[in-house]
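For reference, the structures are reproduced in the following blocks.
Shared between the two complexes below is chain A, which pairs with chain B and chain C, respectively.
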Partner chain A sequence: MSDTQWPRYEVFQQEAPDKPVLHNGSVHAPDIEMALLNARDVFARRPEASQLWVAAAERITSRTREELAAGEPAPSTAGEPQTYCLFGKLAQQAQASLLGEVQAASGAAAIATAQTDFEAQKVLRWWAVPLAALLKSDPAEADPMFAPAREKTYKDQAEYPVVTMMRKLRAGKRLDE
Partner chain B sequence: MNAKQKAALAEYLIALADDELILGHRNSEWTGHAPILEEDIAFANLALDEIGHARLWYELAADLLGVDRARFPDQQVFFRPAADFRSLQLVELPKGDWAFSMLRQYLFDAFEQHRLTGLSESSHMPLAEIAVRVRNEELYHLRHTRAWVTRLGLGTEESQARMQAALNALCPYARGLGAALPGEADLPLGIVPESAALYAAWLDEVSAFLAEAGLKLPGETALAETERRAHSEHMAALIAEMQEVARLDPEAEW
Partner chain C sequence: MYGADVEQIAIELSEEPEKLADFEARIARGEKIEPGDWMPAEYRRQLIRMISQHAHSEVVGMLPEGAWITRAPSLRRKLILIAKVQDEAGHGQYLYHAAETLGATREEMLEALLSGKAKYSSIFNYHTTTWADNGAIGWLVDGAAILNQTMLARCSYGPYSRAMVRICMEENFHRKQGQEMIIRYSQGTPTQRAMVQDAITRWWWPTLMMFGPHDADSPNSGLLIRWGIKTRTNDQLRQEFVNQLAPDLQACGISIPDPDLRYDEASGNWLFGVIDWDEFWRVIKGDGPANAERMAARQQAHDDGRWVREALSAYAAKNQIQ
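Showing the complex of A and B:
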């Protein structure tokens, strides 16, 4: 079901250069550049980020472990091979993380290749994203995109005196107790 | 700087802060009403950033005036009569439609980029340091608003018409950005950039950018009110609403 006229883009985020690239959610946008801006505002305003990637959801090939186990016709190898980024969901509660890249003629073929290349991984769901479909945040613009979030301090809810006051009032105590 | 110059710079910074505060407050009216969820979040972020920048300028003004920097911003925002605000009429105008609010934010952000670049070279170091930080955040604002202006300007017949109407309405008020800020004339060279020079650079930039977005800057129209002591009929209501809760209990701790 669609709740918007704009297409959906999947958002991948890396918190720091030494951290994994994780699928973080999705945004709607009229085009991929706006998707990257929306991703910044929705996902990277408070938590730290060093990189954001976005890709149109319709460009992503998805296969669950069950679908792969049920078997499907061997994917066509016709067509120009291109680079696919392979994301895998490793636990029900986990975000899909970037596992690596493969060269393949289609998303399905990329996932088939990944089955043998990344056999050790217990992937519950695969995503193959063409590298060409990804828009990555420009490292040259990382500063205005991500630095302000690091400088911001957010007051913990518990630090507002009004929270303690409300607690006392609810417990039937006087404020000066 | 001598005491008179410090007071002049404080006056300048308070006017700067008032612009940011009133624009941020006005734009916060879109929260929950923006055209799409993602943009609702984004525009609320921009509004919050502007209010955060206002706080930085108020604090710096407090340092120059030798008053408590922890209390000064709240005093300025919540307990000052509407007539004492030194913001431009540009920022107090009602939010209008999406085209109007987005275009106003763009015109303001584009000017701020020039002003902040100038301020980041200020010989008053605390001012230069804050300007560098604020400028970094404003670079993102400009990227965001430019993206919208282009898409709305080159979008549908309706979006183009709304943008052109917004530009025609905003232009006389935006020209007020070029007027010297309070205190500016009393400052020695090198503390703040000259507003008139910023205006010329800004005008070149926005004319070219808007033309690429299919929008035409109207010719020299009658200059709107640039005197920051004069406010439109919209200001009193805005201030009353902004101060309503704080004034219920001025001593309340939040």
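Showing the complex of A and C:
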């Protein structure tokens, strides 16, 4: 068997139920179930995770503002419409966040529609992800997926009072004073 | 695969002057360049070179500390060390992802690492000979890395910048656990104090080398700064590091192995002695204390994992047929 790389899956994460779903990065995996498990290992090592989504990178359509400004042929509207999740990058430093859903026949058509639907938002980069291409973490498995990280408080830099310790040493005191 | 000579770069940059001007104007406005946007070929090459080297450093960086997991002196220290090494694996993944958005494949990057073509941080070619080395790596090595990474978190390429923000947050845990360890041992038993002093003595100079050659010998710096990839030079970052560390180490009663180190009232800087650049180039070029050992360990890990990759691929293929 050849030892070549697996397909790439993009990873989306919601830090808490009231927070936006954000694009975070990608993982490689032989199939989408493994992609979700790999995403957990890579992106959910800290407590900030309540949901993970993965989708094969090849199913995602992306357009930057620069690409849209350069113009492109009108996207085809032929074919069966399906639901697309639309992600948009709203600030220079920001990750793309989930804006909503549209019905469209292709990713490019979904982005064209979204430009009107979400006109108020200044989107710097669009991503259209077919809902059918997404695998979302099962809410019933949220505990085994995400709870262990919450107990590992030693991963939090606030656990190490080095500023206070240095202040004591500089003042000529002992650490336990 | 990542190099281009000066003439070729000049030719490329003169080919599309309007696009180049727009690109540089975007960077001047503080905009982030995203995959899909136009960028000079050399911007792409420099980023792939930097990001993949950075990713390799995270991956190889697991080895010096990983060797101590089974010998940690307490359960708490063991949990911390496991979490830290696991973080480095994750950081490698974030960074390979960022390089992939520029068109590099994971496969060619791994191949470049395993074949010895790719570089990684020279610091990981030194041995960890006592437990206190893990503290020194956290405080000094990760502290130095954070200075560089905090700068890169503001870099002009969106995916690299975002990966850096996440990495910096997690690296602060790495630095502080190391600093806490060194502080405690420096106030501990005579044996602990001697162990900490020995560790700092060995790691001080290699850490200063991590910032790379002097600005005068750093051929890529000009373009990197012009395109907002770096905003500060190697020497500036190195000076800031010494300014931070020198007074703190001294407050712990640890002496720094540099007879020329002194505080300069006029500049507000801690002046330091001459770095052994022969050693730096020797280690970069493959002849450091542990280069061969690190590469052998990486190769073995890759080979040992092959059956897992094959099993997962076979399972995925079986499911696809059904």
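Criterion: the second predicted complex is superposed on the first by the 149 of 177 C-alpha atoms of A that agree within 3 Å, B and C clash if a C-alpha of one lies under 4 Å from a C-alpha of the other, contacts with A are read in each partner's own complex, and residues count from 1 in each chain.
Here is the rule we go by: contacts are C-beta pairs under 8 Å (C-beta built on N, C-alpha and C of every residue); 3 or more make two chains touch, one makes a residue touch a chain.
Note that this is a predicted model, so its numbers are computed, not measured.
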| item | value |
| --- | --- |
| Which superposed partner A:T113 touches (first chain B, second chain C, both, neither) | neither |
| Contacts of A:A147 with chain B and chain C, given as first, second, both or neither | first |
| Touching partner for A:V42 - first (chain B), second (chain C), both, neither | both |
| First (chain B), second (chain C), both or neither touched by A:V27 | both |
| Broader residue contact with chain A after superposition on the shared chain, chain B or chain C | C |
| First (chain B), second (chain C), both or neither touched by A:Q82 | neither |
| Chain A residues contacted in one complex by chain B, in the other by chain C | 4, 6, 27-31, 34, 41-42, 45, 152, 160-162 |
| Parts of chain C lying in touch with chain A, wherever the complex brings them together | 30-32, 34-38, 76, 79-80, 83, 86-87, 90, 93-94, 97-98, 100, 105-107, 158, 161-163, 165-166, 170, 172-173, 175-177, 179-180, 183-184, 187, 248, 251-252, 306, 309-310, 312-317, 319-320 |
| Complex contact set, residues of chain A against chain C | 1, 3-6, 8, 24-31, 34, 41-43, 45-46, 62-64, 66-67, 89, 92-93, 95, 124-125, 152, 154-157, 159-162, 165-166, 169-170, 174-175 |
| Residues of chain B defined as touching chain A within the complex | 36-39, 41-42, 45, 49, 52, 133, 136-137, 139-140, 143-144, 147, 151, 253-254 |
| Chain B contact footprint on chain A (complex, rising order) | 4, 6, 27-31, 33-34, 37-38, 40-42, 45, 141, 143-145, 147-148, 151-152, 160-162 |
